[in-house]
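Take a look at the structures below.
You will see chain A twice below: alongside chain B first, and alongside chain C after that.
This part shows the complex of A and B:
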């Protein structure tokens, strides 16, 4: 098999595919990319067994065929060749000879049958969103995912699809982020899956705030996102996500409204002196005023008074200041509302007049 | 390939698959050199194979088999010590648990083999408990161990045991001659039974331990052993230069002769390991007393435990043979009286 292609046509797909190829692999074949040629189209597949990336390239080839080539080495070679160079890949028995101008490289190859790519599944649930919608869902929630928690089902993002909405929820057990957007998915049955942390991070890198459509396919074991230039597949987490509806407080009777920027900036300033490990912050609520204070083991203190709209009784409550700032950072509206019950119950933070995203934060005992 | 002495275990496994009663965790136990790991791998490949045949053997044609044979199957995990002689680390088990948290790559089974299971340190074993307790669906964990008694009881109680036994000597000799023709040619011709005895009856270990020098040493050791018992050789006077290469193995031989003597004393002829020496051992058995044999066995175990200490090998061997001498002599003495 002899493949000819322009450097630029190869480089972009190779970079996409190499991004998931780990530097230290469990087995040599995972350092390779699966190259399949059908007609004038070359499909490149890279995987680390958790996520898979498939990209396409325009090439000329004298025959169809499948083979695997070292992904990173091939990418580095393409990158180092001059712009506009023509590259030919000649597949021989156990070697691939790559020629361009006066350069010649010989790469080792491995049979395609040994490559653990993910098969397309027939009975997948499939629907479409825009890139911007999917990006919004992820951006609003992913920061709350747990990291290496023994409750492995928290180390990812819950993704739920119903006929007219898509919901994402992430939680690490101390706080929860929820985002639901209306979308006419047209799916016949509701479906809830958990996408692992790594899949979310890789996928977020690919998404742009555009109105281009993305197709999402969910099968028993995988979720596949088809973008115009790349197809991304991630394994799902095999577990049951906690019932998030129960976590979102249903009856907070006290509401506090204030400017998002003022609150975030005040928290930002005092967070400097918070206890680095526990990050506890004391909030005293008074009519139309809150007083936020932190201190650290060195007995250093910081306090801020913030003007708010609040007309219920005063009380005191503790929070992890980091969790609060994370939530405030992703809220888009100018004003935020904080819904509270008492110092033993979690609070709900959301943008005023924005019901798409909700953030729940558990209080701390200080 | 299914070894003839593992046929019944294999059939038992296949039957469980057919009846859909496969447990989530199994322990393959039995002495070293019976091919437990080979059977475990074979079984894993068959479980993952897309079209196993009627005898549940893998097709070696499908993509799953191609990946399995190239060690790239994403749903197969073989956990072994990263370095030879070292233990299985807790991070390896944690990595496995992490994999189990994710969905399977393909629609079929997921298999993990941990071998040798006893090389897991305590932390590793403890972190495996969670997976053994609440395994994901369609997942099989096979622990392979030649010293299963040293596994924590928390692990043992969570696995179904599959025991592997040594084949009869005839079956083993047949198999050795059939599958390893030429192994017993030349000066070691006819020493199959001796080699098998040295390998505790385990054929695969026997294949590895064919060594003419060792066979010769064992003969030398046995004649010394006999001569001391008969009083023809002094335990101290004998030339033991050939012991320079190490005494652990010779002591293990003595151990196995003594345990054979005990078996003869309690009429367990069929369990005899040193079949090539059975006539001599039988004669010896009449000369010794059961109680002192047990005491001697304890002595040998003690010595084997101390093997790591830098002791003078010559003196250890002298000591051992002196003990042996007293043991055999005292019986003779009472006999005469």
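This part shows the complex of A and C:
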């Protein structure tokens, strides 16, 4: 089999599939990408057995066939060739010879039959969103996902679909991010699944703020997201996500409103001197003023006074400053509101007049 | 059920020829109960037919009759322990019950009563503590004691050994075998050579004469495979092994070979490690029959986790890293570990991590021979005061009272009175 393609046509799909190929694999075949050629279409597949990416590329080929090639090496070769280069891939017995201009590379290959197949996603619940909608859901929440937490069901994003809304929630137990958008999904039954962290991170990289449709299929064990050139499939985390409704405070009695930018910039400045490990920040609330302060083990200190609208009683509360900055960074409105109860209860941060996204942060005892 | 050895023993680098002062000072600083300069006195106390003897004691009509404790006579039950009368019929632990029954028609088969054995084990340990705080339990029925410093108070190590053996006999009506030697390795062999009711003292000068004629299989750690290898090389006794060069052994068995050679030469500087100074605390158990059933394995693992967590709490330690050990039917052994963000002594937290590690490494296709769990990254409670307290959305602040309550009940009524709801004895 002899395949010819333009560098630009190969590079993007190769980058997509390589993104899920782990640098250290359980078996050699997982370092490879499955290359299937039918007519003028090449389909590339990469997997780590949890997440699978399938991308398509335009090529010319003298025959149809399937083979696997080292994914990262092939991508790095394509990347290092000059723009506009023509690349030919000649498949021989046990190797592939890649030629472009005066360069020649020989890659080892493995038979396509050895390539692991993710189970087909059948009997799936299926619905459509726009890329922009899915991107919004992910961008607003994914930063709060846990990483290697014992509570394995937190190491991913909760994805919930009902007939007229889609909701994403992420939490590491210390803070929680919630985003719900209205969408006529038309699904007949509500579904709640947990998508693993790695899948979310790789998938969000592919999403753009466009109105292009995205098809989402959810089966018992998998979720599949079909974009125009890429199909993403991920195993689901088998577990029960905590009841997020219960931890979003319903009756915080104190509300503080202020400029998002002013608050974020102030926190940004003082965070320089916060304890790098615990990142504790003390907030003193007074009528129409908050005083935020941090210190570190070197006894260095930072303090900011920020004008706010606040007319309840004054008190003091501690937070991880990083959690606050994460939430403020994704809030889009000019003004934010912070709802509080007392120094032992969580606070709710959200954009003023924006109920789509909500952020809950647990306090720290300082 | 064994307390894991390998992970918790500090490997001393000093050998007997090294006596320069700086090195000794270091050694003493690192390991306060080490005494490389003087001869140590180590006891190994090993109960004879422990489970079966307790049963005989509880029901004197069983005395002299062949008795085993173990699983049911039907199905895959196996012998956990056999008394000496039963052993005369060739019955030994790990033998299927049905086979044992065939060998001896009037065999008396009893179910394992673990809470009782654990309670007795604690009583035995309390006797040890009368003579030394340096007690390293290896299992319910055996322990090492370092009595070097106790000789001034209670008389010679030999005398202490006799007192302990007599106390066990008088107070608990049970028989122990005792080995007294300058090292753990020799003490363990010494307690074993004249079982039951053995009492063997090996002085520093006699170590080599004692070891040399023994078969290599007596060496702690030399299993079937290693012994077979030695046999092919014509090495049958410890004396023959000793006369091989260390380098030669290293080339065949690597570091393990060097270790065996040192043991064969009576060199064993390993200290008696009590829980309080351990670098890790672990429990493991070898199954009489390889297990594949996930639920059964999980139940065992939970049981081990409860014991480890209990020992952590007893010694006011918190651990950060959970280690899982699995030995498969083909002796392939893997260890996997995972760390918590903050050290804990909470059984539930440790169990969540342990279970996760287990599920990641379990497969129905690989029967498991040995399972173990341990906790390392240990901190004394006081060392942790610095950590700030980040509240959690979902966790009720962990209520230490649950573990405390279970510990108190178990301390009073035997180690397994109160367990989490998942029983391995289904």
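In this section, the second predicted complex is superposed on the first by the 309 of 366 C-alpha atoms of A that agree within 3 Å, B and C clash if a C-alpha of one lies under 4 Å from a C-alpha of the other, contacts with A are read in each partner's own complex, and residues count from 1 in each chain.
Criterion: a residue touches a chain if its C-beta (ideal position, glycine included) is under 8 Å from a C-beta of that chain, and two chains touch if they have at least 3 such contacts.
Every value quoted in this text rests on a predicted model; they were computed, and no experiment measured them.
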Chain A as common anchor, with chain B and chain C clashing or fitting: clash
First, second, both or neither for A:87, with chain B first and chain C second: neither
Partner chain in contact with A:174 - chain B first, chain C second, else both or neither: second
Which superposed partner A:239 touches (first chain B, second chain C, both, neither): first
Touched partner set for A:280, first chain B, second chain C, both or neither: second
Chain B versus chain C as contact partner of A:21, first or second or both or neither: neither
First, second, both or neither for A:221, with chain B first and chain C second: first
Which superposed partner A:365 touches (first chain B, second chain C, both, neither): second
First, second, both or neither for A:152, with chain B first and chain C second: both
Colliding region between chain B and chain C, picked from 4-12, 40-48, 58-66 or 292-300 after the shared-chain fit: 292-300
Residues of chain A that lie at the interface with chain B and also at the interface with chain C: 150, 152
Chain C residues within the chain A interface of the complex: 338, 340, 349, 352-353, 356, 387-395
Interfacial residue positions of chain A with respect to chain B in the complex: 27, 29-30, 49-50, 110-111, 113-116, 118-119, 150, 152-153, 155, 196, 220-222, 235-239
Residues of chain A defined as touching chain C within the complex: 148, 150-152, 171, 173-176, 242, 247, 275, 278, 280, 320, 344, 346, 360, 362-366
Partner chain A, residues of chain B touching it in the complex: 63, 66-67, 70-74, 97-98, 100-107, 130, 136-137
